[in-house]
């Protein structure tokens, strides 16, 4: 009965751009971007950010079984962009974002990189360097293990040098970090680099969007609202990334397996990772303050804050806030990291890494301030 | 016991700007903005938007009893901007936003306009043209009734011509619309202009942020969550604006008082206004489709959509979505409008009107796409 | 990896019961209850209420494809009851509750009533008296139209006399009302009986549990949270019940079709129905007060309240709150009704009607006070 | 403008009661209960539970500055009970519940017990046995330190023997546990009694109602929704109770201070306490299963469950669910406890303890099953 009114598409003008070329871009003014898996939540966020990116242009959105559907069918809020889904894999792009289930992108990437495309893989297929971790944590044999060594773990705060200019090298593969590891590693990196982590308990809380868009029985509003629960007990897959990267900063830290417990809380976005650290030696608050201030003074997206941050303080932005405390009563150090799981924990981080790969300003397209309340 | 770490402020770079002068701006590259009442929710949204505006620069944030406090004390999410609150009224600004309780700004505006400052009043003091409406609906005698006739009701979709270039005229006062009237008037304007509205019931639903930041007993999370209630029964103040503007479009519409019922729903942002219209004559869906398409085809922020919109589809953006249906069973026309109450319903609308006043591109600083999920 | 610990079932003792027999019960101390469709939300609420009912005993819980599964598999919160699902239809019961999709129970009921079982149908198959309404509103031809005339619409406040002792008659079929009609009809009944309703707009808001347990794409937490939307535009199925029952109270009221608009709001439980009435003649607040006070003075579950009620005030209880206001400005009467959609709007109402059918105290098993905050 | 309708109070009949006297009650059929601080959230829950308690009768509700106000003024959902607030301290009661800020009840209790009244103190004033803990954790000198030794910590699962029949002894003071300690101690007690706890990190999550009813700036819906944050870093007051009771079960456990970190999550009710334990020796899952099964097999309100419980599984009930897992990868034991903070974490626990004190059935008045979804 409902009358069907044709949507008046209103394509609001993009911000003015500086069209000077960059070495990695060659003569082209904007990098051409393709997004595979555009119909999920990470895909939607990539569209939201890249549609307003001053140096990028979305040229292809790929979605299975949705050929020729307007973007409004899956992302109603983005209907005004006028984009249309295409079931064919994007070609003639400078960079391709893959937002796919684990085990899928690794079958596509060898061909993509052979054509010189830079790959930003949002899933786990190129995060881990040890091929044996894939059957162990994800249940599949990696089909392209030879590419793992050269793939870069896309956390700019840890691997900026490797990411910079990567688009001009071969193969150009970024394994974009998981949401929990991002919040956790940014909280722990300054301690890990100093070799200060002895015992470690990570207790993390996530909004529901991290579980993806697929409707599952325990993801309905009625089940999630007014409820908190732990899950992934005994070994969530993100442990593998966390242990790998901590070991990369402090070889001795890998001696003890990480105790990581995630929780689902009734909110859509946001991750808070509480890291309970027993330090190798006594540390003072003043020492911690200096350590963290120095570590993040020049980081555009990491803020060290003096009061315990809430996830809402970074909602919708690419920011991470970190709060560190020495507790003289227990002798422990507590570090808390908060991010928006879909931005700094996924799409925004991918864009940040892409900017580095193409020698663009690191903050391009990521200038949005957090949305609160 | 909590260790206090100094906040490492990270001021991310603003987007590149086009510094060509406009007639209304004279030679200045960016308009200088002051915000009075910067510590409330509307104030926070103004900062969020204007901090990234390519042609504006925040030069003063005023807050009572918070002199010299960093902005992070009241708007933690905006701590990275490095702004500081000032208890003195802003001077040497091109435009001043007033986000104050009713009855306050009307005491300040005469002096402000006498100095040539353009005033964007976010409260109701300059929305109503009839001075008698102030004692009736707001309980105070207007202290500057002579200014009401020249103040412009700041809904660009209804009063664009009056707003354009207003900064160069005297007095330059914009009474920025209330949140409910914005969603309602954009839903009804095409019908009203055609004189099609006979009987009218407006049933609206709002998120909690519309009630402001002040902690009140019935605004705590525990009271609001899992609960819906109606309020303002018998005459919410926004009725006055709605009736005034409807009458402006269709003198005959003012014959019958508007039945307007607002509800509080458990969400932070968003307004949905459901307008049940008994039309003066039978109208078909095809006629409505054409009417609304024509009305909003060129509007940058209003989208006519073919499926009932949710408030989340416009969250964090300056967009309004409108959906119109003829119901042959009842003979009524239903029109639904949704907005983000703090953006198109307040701060964003104020920026949009400011852009018009200064002959800037209407969408400047408002390019953000909606944030979903 | 997760360690599996066997659940220690703790069956807390039921409240003391009075085992005197009632005429309708014969010699049996407790009525034997079967629930078909026990795995859905209404099924779960029926278990919650009947498990503590002093005069009833659950003897069979039926669920398709879940044979022999402990109840904890589908209703984790009820695991302590120790119940087990059975795929066979219950037999040897006094009363059977059917919580099934529309079009299903009508194929089962003829056989059930032929065995003398009292049927409480929670779906729509026995709510409407006119067989032609089923193809029109539900898209199926009713397979047992001859039973519709004798089925009782199970709203005790309207049909108490017909429900009382029904268990001893043939056929004993109760069509338990929908959630929206319950809130709406209790709000409107006093006006309807007086023939006072002229024009009528019903604008209702519901929590998500009303949509059932099935995970659907637009029912996930991420989609529902921070969002309001209208749906069922142009004719929600519950219109049929509302029009039927209003006509039953006031034949002239049926002249105009009901304008009914439901909304989905971000909460799990609760319905608020706002009824905007243009009365046939002028009515005063004093008249309305007396009318409603008289109508509901002896009703155990309906409270007429002097301030606009929130849905939370009845959460988890079988209560309905009604608030009525005359608006001299518009000449309209506004009536608001709130209920818990799963209790007074479904399971609780079914238990209340069952109590009447078996001549039990109407409040038996429904004594729980609302749960707030 | 709103019409004021007098509320038609509907006092639904209480469940049938068994009026046999108990030794502790003497000849009286029901114990007479007074509630001091009846207008807060714990007060409201006490009314909700005791109003339906088969062996208790509320005879006085005390609230400061609200003399003669109907209960509906503060607890709208309880308006139907018809209770009225009284500003005078209750007299002629068998038991008095004190739901007051810390430091207040300790000034009232000496007089109350001198009259033979049994005191259920819901605040912290009689939870700690060491008077020195009050200045340290709560900032006040205890005014009646001589009563601390005889006060009983009201966690029935730990101190049932001391609580049983306490009403007949002098002084009869129960210090009802805090919400976090309840969930935590029930999770840890079986391990503590075996001396198995070496290192311990407690990471807890609470709904907002635990912060009480007072409207505070960071407790509004707009601030809490879509946000998680940690608080009480460096030493939340509940640490004192947790350490005291753990030491009572295992003297060696007190060697290391407890690392306890609470979080505020966007929900109204519920606590989840995740206890990360490094055991003194290796333990198997089978050993843990047996240990917990044995510990709680006869407990009416504690369920050991095989899948990680959500807080919603106990909402509105006096139940606690506990889940224990050995993690061979890390060598740690994880124990999770969930409760409704206002029921098992406050009012329900107080009623349970009261039942024991008066030799009533422990579950009396607490039979309600959890409310889900």
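As written, the chains take the letters A, B, C and D, and residue 1 is the first residue of each chain.
We take it that contacts are C-beta pairs under 8 Å (C-beta built on N, C-alpha and C of every residue); 3 or more make two chains touch, one makes a residue touch a chain.
The structure displayed is predicted, hence computed values, not measured ones.
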Worksheet entry | Chains touching both subunit B and subunit D | A, C
Fill in: Pair of chains joined by more contacts [C-beta pairs], A-D or C-D
C-D
Practice prompt. Go ahead and note the Å separation of the Cα centroids belonging to subunit A and subunit C.
Written response: 46
Worksheet, complete the sentence: dist(centroid_CA(subunit C), centroid_CA(subunit D)) in Å evaluates to 34
Worksheet item: Whole-Å distance, subunit A centre to subunit D centre, using C-alpha means?
Response: 41
Practice prompt. Could you tell me which residues belong to subunit A and also touch two or more other chains?
Written response: 1-2, 41, 207, 209, 213, 222-223, 225-226, 233-235, 266-269, 308-310, 312, 315, 325, 327, 329, 373
Worksheet item: Considering the complex alone, what residue numbers of subunit C touch subunit B?
Response: 199, 201, 203, 205, 207, 222-223, 225-231, 233-235, 256-259, 261, 263, 265-270, 272, 274, 276, 278, 308-312, 315, 325, 327, 329-332, 334, 336, 338, 373
Worksheet entry | subunit A partner contacts - residues on subunit B that touch it in the complex | 1-10, 12-18, 41, 44, 48, 51-52, 54, 75-81, 209, 213, 225-226, 268-269, 285, 288-289, 292-293, 296-297, 299-310, 312-316, 319, 323-329, 361, 363, 366-373
Discussion item. Under the stated contact criterion, what part of subunit D meets subunit B in this complex?
Written reply: 1-3, 41, 207-209, 213, 215-217, 219-226, 233-235, 266-268
